[in-house]
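Please read the structure below before turning to the comments.
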Amino acid sequence: MSVSDQPIPLSGRILDIGVRFLPHFVLFAVIIGAWEISVATGLITSIIIPRPSAIWSAIVELYITEGTIYRHFFITLTEAVVGFAIGAGVAVSLAIASSLWDPFRRYVTPYAVVLNVTPGIALTPVIIAWFGYGMGSKIALAAIISFFPIFVNTLTGLVQVDEDREELFNSLGASNVQVFRKLRAPAALPLMFAGFKIGLTTALIGAVVAEFAQATDGVGVLMSRFSFQLNMAASLATLLSMTVIGLILFYSMEFLDDRIVFWRRESRRAAASRARARTWAAQAKK
Amino acid sequence: MVKHEQSMAAAGDVVVSGLNVGKTFAAGTVVALENANFDIKRGSFVSLVGPSGCGKSTLLRLVSGLIEPTSGEIEVHGTPVNGPRADISMMFQKATLLDWRTSLENVLLPTEINGTPSKADKNRALDLLKLVGLEDFAFSFPAQLSGGMQQRVALARLLQTGADILLLDEPFGALDEFTREHLNTELMRIVAEVRATAIFVTHNITEAIFLADQVVVMTSRPGRMAKIINVDLERPRPLSIQTSVEFNKLVEDVRETLGAV
Amino acid sequence: MAVQDATSEVLVDTLERSLRNRRIAKHVGIFLTLTLLWELGSRMGWLDPLFYPRPSNIIRSFWLIYFQNANVWFHLYSTISLVIIGWVLGSMLGIGLGALVGFNTVIRRFLKPYVIVLEATPRIAVAPLLIAALGFGVNSKLAIIMLVCFFAPFINTLSGVINVNEERLELFRSMRASKTQILRKLVLPDAIPVIMAGERLALTAALSGALVAEFIQRDKGIGSLILVYTRNLNMASAFACIFTLTIIGFLIFKGMEKLDHYIAYWKYEGGRERMSSKRKRTMVEP
Amino acid sequence: MKMFKVTMLSTAVAFAALPSVSFAQDTVISVIKPTPRSAVFFPLVVGEALGYFEDEGITVNLLPSDTSIPYVAFIQNGQADLAMLDPNETINAINAGANINTVYEVMQNAPEGIAVLAGGEYTSMDDLVGTTVGLVSDRDRAFLQAALDITGHSIDDVQTVVLGESGPTLAAAIRDGNVSAISGSVFDWAALVANGIEIDTVTPEELLASPANTLAMNADMIEEKREAMEGFFRAWSKGMHVGATNPDAVEAMLRAAVPEEWEVEAAGMGLFQGVLPMNISTTERMGDLQADVWTSVQPRMLSSGAIKNVVDVSTFLNDTYIDAANDFDKAQVEAAAAAWLEAN
């Protein structure tokens, strides 16, 4: 077991990455190949699982040659994001109010629990009845089902504050507002972001399910249309766009999480500490 | 060199020995232990003391067979160590009890690993719980026990293996001072009673001297055995021995060794 | 990485504290006042009865669908039996795969990209695709439910298996335990609490999955009944169905709590005491 | 762990019980159509109430589903034996190469219509030009297209929006003036009227005489399924006959079979009265195929752009089951319905 401590040359590193990913590609290729063959030979019915080549041509058509997917893509993305923003806004405000004012929390709690145990999806027909046929109903469903995880995570974060730290603040004679701003709010951030991540996922589900129930545009409509035309390849290609939306939403939140709750990750801590040192130096110069 | 009766009787033959033992981590960049040579006699109690990173835990794990040395060789009962073995048993800083098992079931775990526990095994486990003073808590779950009680269960489990070489890695390090002193006294009594050989890792100098026949002082960067100090205090040892002149001389000696390097 | 239930202890605590302090009367009072205001608002024409059915009408609907017409039972039976079967099958699959992947580092490495993709995709969105591929009937509904409730047990089992306490593992290795012994006596019991958390989420997801399946395939089930009612502008009965789902959701919540107390007994004071005296009896008496 | 076992066991039992629900010895006929059992297609409910399907050894398996689902696909892949189609869907499917035959006309007049608010600013098709018209589903676009075409306009003269099938959405959209009119069917209005929203229809007369909700099947299966299909349609026709002769019995059967439609009395009654005449054939033989009507509606559908080519009706209208479907003793059916009404 001897490893040289010389830095590996760049070409070597690229080779290394290649070697690391090669098995993945090989496996992927083997799966796709086996899949293609088993559909082609009739082992699997193409209605149930279409050929990879058919999915690929559907992707090319939807995303490149025709480009039909983009309008639907942005509609669903907008619904999910706006719904999430509304749900998160209401959830965070209610959580803050509940954390600051105990009676409020007591009286809000039963309704929050009721809302939690009701499957949000069940509200779809009612939401469509209430908010109508436009984007409104999709946004509303997205907001409703993303509300709870955000509310509960934020509230938990705000309430479950380390007692020693709170005692420290009290001993310093901090006001309630100061305790909230300097202790509770920052301490709640990690949990809040965890809630945001769940909320984003559920918001997307809300938008898509509402689109299944009633809509003219959006990837949900497109997908159910393709499915029931038994155009499975196009349907799977559309499903892929939902995955992409999901990934975009998740990683944007991850990005924000990393920057705002910087103290949890070493690399971010180091970056933040360098930035603060610079500001400090700049101020010292003046 | 005055040794207490039991170990005197058994003294003479070496049960654990190391020759030029070395261990490096992270592809050779971190030297955890360098060139350790030692002989541990049957029935003796050896303390390894030193600051963090001096390789004392590494040495213990090497003896247990959990990790393999990079160089040199360790022998136990005359055979080279190449993996965990039945004649060695180990106890950790945390009690590492299984939450879903009662004290008794936790003590029986080593027996279960080697086969189905017999009635005799169960009785032995109950006896061991009695030995550590927990007969009333045999059917309690770990969450129902205090930290000190959990460590006593772990001690009973250690003894249940029937191994005659006991490796203890700061077993009471996480407990408060009073509990620790109490458990140390218990440990001394029990180890003598079962006539085992013990290797005890700690960073507390007083504790190391109080328990041991020999104190191995280790220093860091790289981890190295700096000095072996014989503790010629009579047994049984009361707690008050810690205030004696002899004891404090030994403490002085260890401090000097640690500071000198 | 494990998925946790969003239901916060903070809320449950607040609720229980509230109940203990005999504040029930106040809660009920507020609830009744709100309900009366709603009723009054509807009768006075401030609330559009098309959208917001009167509480009195909802109560009447409960009576109608449960007793007078008793038409809800058939749909309830259909939904609940599907949910339970789908949940059991889906979570067996999830736990099995999770354990398999957790123990096999090679499979784990190769599966990781696919898990990321699966995680980002709103899984419920595959519903139309599955119905189209597998046809109408029980099969496609079951497939949807299995798909949506497979993921949480899978991920949680996986993470439970991977995140085994290092010290305990070392203990087992020092006792020369075999791989199967480590699996049976350490890894699986250790993973049970986190698996149970996954199961709870899975059951909730199964209910949502069943509803979406019934929205598309409207032959029977509570989902299809809600659609019939909204289509007929009978919002009172639609609400009665939704509140029925609230009750089911609550029962799921409580039922899973009970199951957790039973299976992961060592996490709870009561469970520990129960098992402690039980083991004493079985060990000492015979 | 015991609890787990209990769960597993009960699951196994439930699983074993599931298939036994479907009747093994009967022939199952799967029908894809827009609604579950409902007043809208009452002959089915009547036929089941009086045991006529059972008598023929048939179990009807309804596949009620969203109207955005192209039903023809389900005939082609064999998941459905019969699909309920509108004329334009039928013609389009045939033009697309689907091998289907239309074998029975459930409704011989179009239940579709274009509704406006009674006493509102829109009183004719001409008024709709330049406004937004709501569609209950995508299916209704063709009908609107034809209606506009007849009155000298085109679909491009209006904006359309799919409202969906949710009652309150439809009601609010027309009441609050978000849409000038709704293109839908008589079933959609019934609930609105029951909730106090008065509506008028501005549907051009010519469009009402059109087959609607006809049942089509895979042409290759005509002989293979002959016996079951004849039985199915005979039972359906018997139900139709009860509707023509004893509406009170039909009403009572519907109240028992689909109570959810009668919870609001006015809505149930409105729906029933609206659909009763729709479900009774005007031809001599019940369910008969009106070749001349099919021929005459096609040019209009062509000019409005709802279909691409006119199709010779002889290629897909197939009345091979109609005689058998009408081969029953009417007096006996009437007596059975009366007896049922008496007993319940």
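Lettered A, B, C and D in written order, each chain numbered from 1.
Operating definition for what follows: a residue touches a chain if its C-beta (ideal position, glycine included) is under 8 Å from a C-beta of that chain, and two chains touch if they have at least 3 such contacts.
Every value quoted in this text rests on a predicted model; they were computed, and no experiment measured them.
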Each chain counted as touching chain A and chain B at once: C
Taking each chain's C-alpha mean as its centre, the one farthest from chain D: B
Two chains sharing the most contacts, counting C-beta pairs only: A-C
Between chain B and chain C, centroid-to-centroid distance (C-alpha), Å: 48
Gap in Å, rounded to a whole number, between the CA centres of chain C and chain A: 21
Inter-chain centre distance, chain A versus chain D - centres from mean C-alpha coordinates, in Å: 42
Separation of chain B from chain D, taking each centre as the mean of its C-alpha atoms, in whole Å: 84
Residues within chain C bordering two or more other chains: 51, 216, 227, 230, 235
For chain A, residues that touch 2 or more chains besides their own: 47, 125, 128-130, 213, 224, 228, 230
For chain B, residues that touch 2 or more chains besides their own: none
Residues of chain C touching chain A in the complex: 6-12, 14-15, 17-18, 23, 27, 30-31, 51, 110, 113, 117, 119-122, 124-129, 131-134, 204, 207-208, 211-212, 215-216, 222-223, 226-227, 230, 235, 238-239, 241-243, 245-246, 249-250, 252-253
Footprint of chain A on chain D - complex, ascending: 66, 68-70, 73, 77, 134, 161-169, 172-173, 178
Partner chain C, residues of chain B touching it in the complex: 64-66, 83-86, 88-90, 92, 94, 96, 98-100, 102, 104-105, 109-110, 112-114, 122, 138-144, 161
Of all residues in chain C, those that touch chain B in their complex: 165, 167-168, 170-178, 181, 185-186, 189-190, 192, 264-267, 272, 275-277, 279-280, 283
Residues on chain A engaged by chain C in the complex (per definition of touch): 23-24, 27, 47-49, 105-107, 109-110, 112-114, 116-126, 128-130, 148-149, 152-153, 155-156, 159-160, 195, 198, 201, 204-205, 208-209, 212-213, 220, 223-224, 227-228, 230, 232, 235-236, 239, 242-243, 246-247, 250
